[in-house]
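What follows are several structures.
One chain, subunit A, appears in both complexes that follow, with subunit B as partner in the first and subunit C in the second.
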Partner chain A sequence: MAVQGIWSGTISFSLVAIPVRLVKAIEPGRISFRLLHSKDYSPLARRMFCPEEETMVPRDEIIRGYEIVPNQYVLMTDEELESVSPERSRTIEIVDFIDMKEVDPVYYDHPYYLVPSKGGEKAYRLLVEVMRRTNKAGLAKFVLAEREYLVAVTSRDGALALTTLHYSEEILADEDLSPKKGKTAAEEQNRMKKSIERMIENFDPGKYADKRRKKLTDLLATKAKEKAPVEAPVVEQEEGAGPADLVAALEESMRKVKPR
Partner chain B sequence: MAGATIWKGSIHFGDTDVPVKLHTAVKEERIQFHFLHRRDQVRLRQQMICAYEKEPVPAEQQSKGFEVEDGKYVIVDPAELDQTAPESSRMIEVHEFVKTGQIDPIFLDRLYYLEPDMQDNQGKEYSALVKALKELDVAGICTWNMRKRSYFGALQAREKMLRLNTLRYADQVIAVGSLDLQDVPLSEKELKIGSELIEKMAAPFEPGKFGNEHQKKLQEMIEKKARGEKIAILVPRRLKPTESDQLLQVLEASLKKAA
Partner chain C sequence: MSRTFVEMAGRRLSLSNLEKDLYASYGFTKAHVLEYYRRIAPLILPHLKDRALTFKRYPEGVEKDFFFEKRCPSHRPAWVKTAEIPQDDGEQMTVCLVNDLETLIWAENLASVELHVPLARASSPETPDSMVFDLDPGDQAGIPECARVALILRDLLSRTGLASYVKTSGKKGLHVYVPLNRKETTFEDTKTFSKAVAGIMQKHYPDRVTARMAKKERDAKIFINWSQNDASKTMVCVYSLRAREKPIVSFPLEWRELENPAELGDPERLQVTHSEALNRAEEKGDLFREVLVKEQKLPHL
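This part shows the complex of A and B:
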C-alpha cells in the first residue's frame, strides 16, 4: 500500500525533473491516545462545523477567508492561491547544492520524505546516490497551500528527505544573551574537558524512551488486566466526509488539483 | 532581540552545574486564513463528532482511550494521566556526550538559546563549557522535565553560546524502510555525470538570499481582491518528468548548460 501523500509534483535540478510525492517522516510515537465518545466508545473525528446552521460542513463547501476588518473576509480559492507563485506550487526546483554543515540547526523546521511517483524511480535513485557521494543537499523553495517554504533536500538511508527551513528573518538574534566578557579559567575548562571525555559515547536515540511513556505503559497494562478493553461500534467508511482537521483540510484542497 | 525567558534550569553532569535560562530562537509571522462556509461566509470552527452517531460531542462526553487492538480501547481518566506526568525538576541532566556529526538531523526538533543565569559567577562556568564542547566537537545528550513533559535533547555550543535542541524520540521517526523504495540500477557513467553536475551547482548556504517574497505577493493579492479587482488565474508550472531511458542524455545536457 502506497503511503498517503501530502503534496505531489516534481522535484527538479537543472534539466532533470522527477515526479514525487511528499509524505510525512514523523509520527506521534507509540503511546498516543484517541478521543472517544464516553457513551458508545466510538472514536471522535474532527470536522469543520457551522455554528449558525449547527451542521457539519463538507469540504467542497469550505473556502479560505482572510479577515480584513472584523467579520469581513476576502475569499481565496485554491486556484487563486496557486496563482500567487505558479512556478513553485507544483515544482520543487533545486537552485543550489549546499553543504549541510553550513546550515545552522536553528534553521531546521520540519522533516518529510519525498517518494518517487510512477516513472520517476530511476532519476530519484540517481539524485539520492549522487547527493550521498558528494555529501551535498539541494536547496529549493516551493509552495504548499498558502505558504512558501525554503527547503533542504538531503539523502538519508537511500531516500530523499525534505526539511523545511525557517527564513532568516524568523530567526531571533542571540547576541544580547551571550555571557558578559569574563575570563574563563583554563583550569575549569580542562576539568570539564576531562569530565566530558569520560562520558563520550555513540549517538543512540533508541535508548531514550520517554520516561512518561514507561509510566503510561505500566498504567495501561494494569488497567487492561483489571477491566476488559471497551469496544467501539463498527462504522462504515463514509466517502466525501469533511476534512479531519485543518492540516488535513489544507492537504485535501491541495490534492484536489491532481497532476495530469 | 531574543524572545523572553521561558524556563530556567541547571545543566548537570559529573561535578559541573551550569544554571541557564531558555529562550525561544524563532518567531514565525504568517498570513492567517480562516475556513468559511462558502455560501454565507460564516466562520467555521472545529468540532469533535462521534464517528458512529455523526453528532457533535461536547467536551464532558469525551474520554481518552488507548487502542490495544483494532477497535478496542483501554479508557484512561485525566487523574490517572496526571499521575504519569514527570516530577517537576530544574535539572537538565547530561547522560553522555556524542560527536556532533553523529546526530542525525531528522531527530532535531525545537531549538532554544541558553542564557547564563546570573547565579553563575559572571558566566564563567558557562563559557568554560562552551569552549570545552567546541574543542571536543561534542554535544551533550540530556533529559529534563519542563511543563509536565519529559524532554530529550542535545546541548550544543555555537560561537559564544550554549543551545538546547530538543530531539524527537526514536519511535517518532519513520524509517526509510517503510517507504518501500525500489532499488533501480544506475550506470557508473550516470552517477559520475550526476555528481559532476551537483559539484557544478554547489554554492555556499546564504539564507539571507532567500526572502519570503511569496508572503508579500499573497498580501498584494488579498489587497487587490479587497478592492474588488479580478485575479488572473495562472496555471501552475508542471515539468515533464525525465524519462528513465533519457536520463544520461539529460544529465549530459545539464552539465553542458552548467559549464
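This part shows the complex of A and C:
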C-alpha cells in the first residue's frame, strides 16, 4: 500500500541523516455527517454572522482578536501570527536518547510512523536495528503544521515510530486529584491483589471494537440498500437574470472600460 | 471575482473577471480579448481545428507572468473536444482541440491570450501539413530587413516549385509557411529540407542571414529558424493575439505588401493591431486558406 506522507525530510543525529516520510499511524474512526436543508437536501454552508448588525460578514471583514477579559480583545494580524510561527522543519534532529519508560503516557499526544524515502532504506534499517537493541528513544524537536513539537522516535516492529509529546505546561497538575495519604489494611490490599491476578489477560486490541461505529455503519448500509439516497439539487452558481448572450455580455463589460 | 453566465449553442459558459485589464497600458480587458476572438473565430478556427492547443496564459495580464499549459485542464467542460497525444516518456497526455467557438471562448476565458499549435494535427502527430521558416531579426535588424530575406526565401522556394505564404509573427519577425498537406511527409523531411534551405540562404547572403541559434551571431541579421519543423514544437497560430504592450496579431500578408518599399517604409504598417486585423479580415478573407488545403510535394534536394 502506498501511504501518503504528510511531511518529508530527514531524520538525523550526529553524522547520520536518513531521508524519511512521516505517515499517520492512526485514522480516527469517527463517522461524520453533512448537515442538509430538510426541504431540498441542499448541503448547508457555514457563514459568519454578526449578531449586532444581524448580517452575514464577508471574509475580508473578518479579523482575529484574543479575549483578555470579556468583551475586550487584543487584535492579532496574520503577519503578527506568522512572525511567531516556527519555520518548517527539514530535519528531525535527535538531541537526546532517553528511556521511554521514563515518559508518563499522559505525555503521549499523536502517533506516526517514519518510513524511508528513496535511497535511505539501508541507513534506516540500521537505525531501526540499533535502536531496538539499545531500547532507547530519540528525543527531537520538530515543526509540523506551524507548531513545534517535542517528539520521541522509537523502534517498533522493524520501523521507526514517532510520537508527538505534550509539553509539560499542557499537563494538568494531578496533586489535588489523589486523596489525602492514610493507611490501608494489609488484608484488604491482599484481597484486592488476588482478584486482580485472577483477571490478568494479555492485551488483545482486536477483542475490543467500537460497537457504536459498527452498529452505525451497519445501519447506514441497510438504509442505503433499502431506499435510494436523497439527492442534493444541482446548484446553479449565483447569477443574475439568467444566462446572457455572449455578444451582449461582452458589450456590457466593454462599455465599462473604453480602450485608450 | 465577477462572473457572467452566457449560453452559446446550448452550452453554458461561466465567464470570469471580464473587466480584468489584460493589456493594462492599452486599456484592453478580457472582454475585449474575448470580443476579438469571437469576431475572428471564422478565420482562426480552421487553423486551430484538430490541433493540440498549447495555452499561453496571462492570468494577471500581458505585463505579468505567463505560463504554458499543454495538458487540457481537468476542470474543462464535458463538451470540450480532446485528443490523446503520446509524449516522449511514452505516457499519453490529454490535450484540447479548439474546434468550435464555444471552446475558443472557454480557452480565452482562461486568459490564454496567445494560442500556439503544432504543425501537425493531433490524429497524425508525425505528419506536418506545412513546413515553416521562422524569420527572427537580430537586435540591429528590423521588419524591412526581415521582409527582404522573406522575399528571397519565397523566390528560392518557388524555384523549387513550392508556393509559400507569409504572416507576421506579431512581434518583430515573419513566419513563412509552405503548405504540404500530404500524408507521406514526415518531420524528418521538412526538417532536412528547411535546414538545407536555411544553409543555402546563409551561404549566399552571409551578411543578411544566419541559420545559427546563437543570439550574438544575429545582430543585424535575420535568423532563419528551421528547427520549428518538429513534432514537439508549436507555432503561434495565425490570427492569435500576441502578448505585447498593444494587442498585436500574428497576421497573414500578401507578398506584394512586402515588395512595396513605400509600405515597408512605415514599420508600424506591419504591426497589425486587433482592430486592423478585423478590418483586413473582413476585406480580404483568410489569406492563409491555402496553407490548409494546397497540396505540395517537397522536391528531392
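Observations on the structure shown:
Just so we're on the same page, the second predicted complex is superposed on the first by the 150 of 260 C-alpha atoms of A that agree within 3 Å, B and C clash if a C-alpha of one lies under 4 Å from a C-alpha of the other, contacts with A are read in each partner's own complex, and residues count from 1 in each chain.
Keep in mind that, in the parts below, a contact is a pair of C-beta atoms (placed from the backbone, for glycine too) under 8 Å apart; a residue touches a chain by one contact, two chains touch by 3 or more.
Because the structure is a prediction, the values reported are computed rather than measured.
Counting the residues of subunit A touched by each of subunit B and subunit C gives the higher count for B. When the two structures are aligned on the shared chain, A:9 is found in touch with subunit B, with no touch to subunit C.
By the document's definition of touching, of the two partners only subunit B reaches A:231; subunit C does not.
Applying the stated contact rule after C-alpha superposition, one finds that A:168 touches subunit B and leaves subunit C untouched.
Of the two partner chains, subunit B is the only one touched by A:45; subunit C is not. With the contact threshold set out at the top, residues 245-246, 249, 257, 259-260 of subunit A are in contact with subunit B in one structure and with subunit C in the other. Residues 3-8, 12-15, 18-19, 21, 26-32, 34-35, 38, 105 of subunit C touch subunit A in their complex. Across the complex, subunit A meets subunit C through its residues 237-240, 242-247, 249-254, 256-260.
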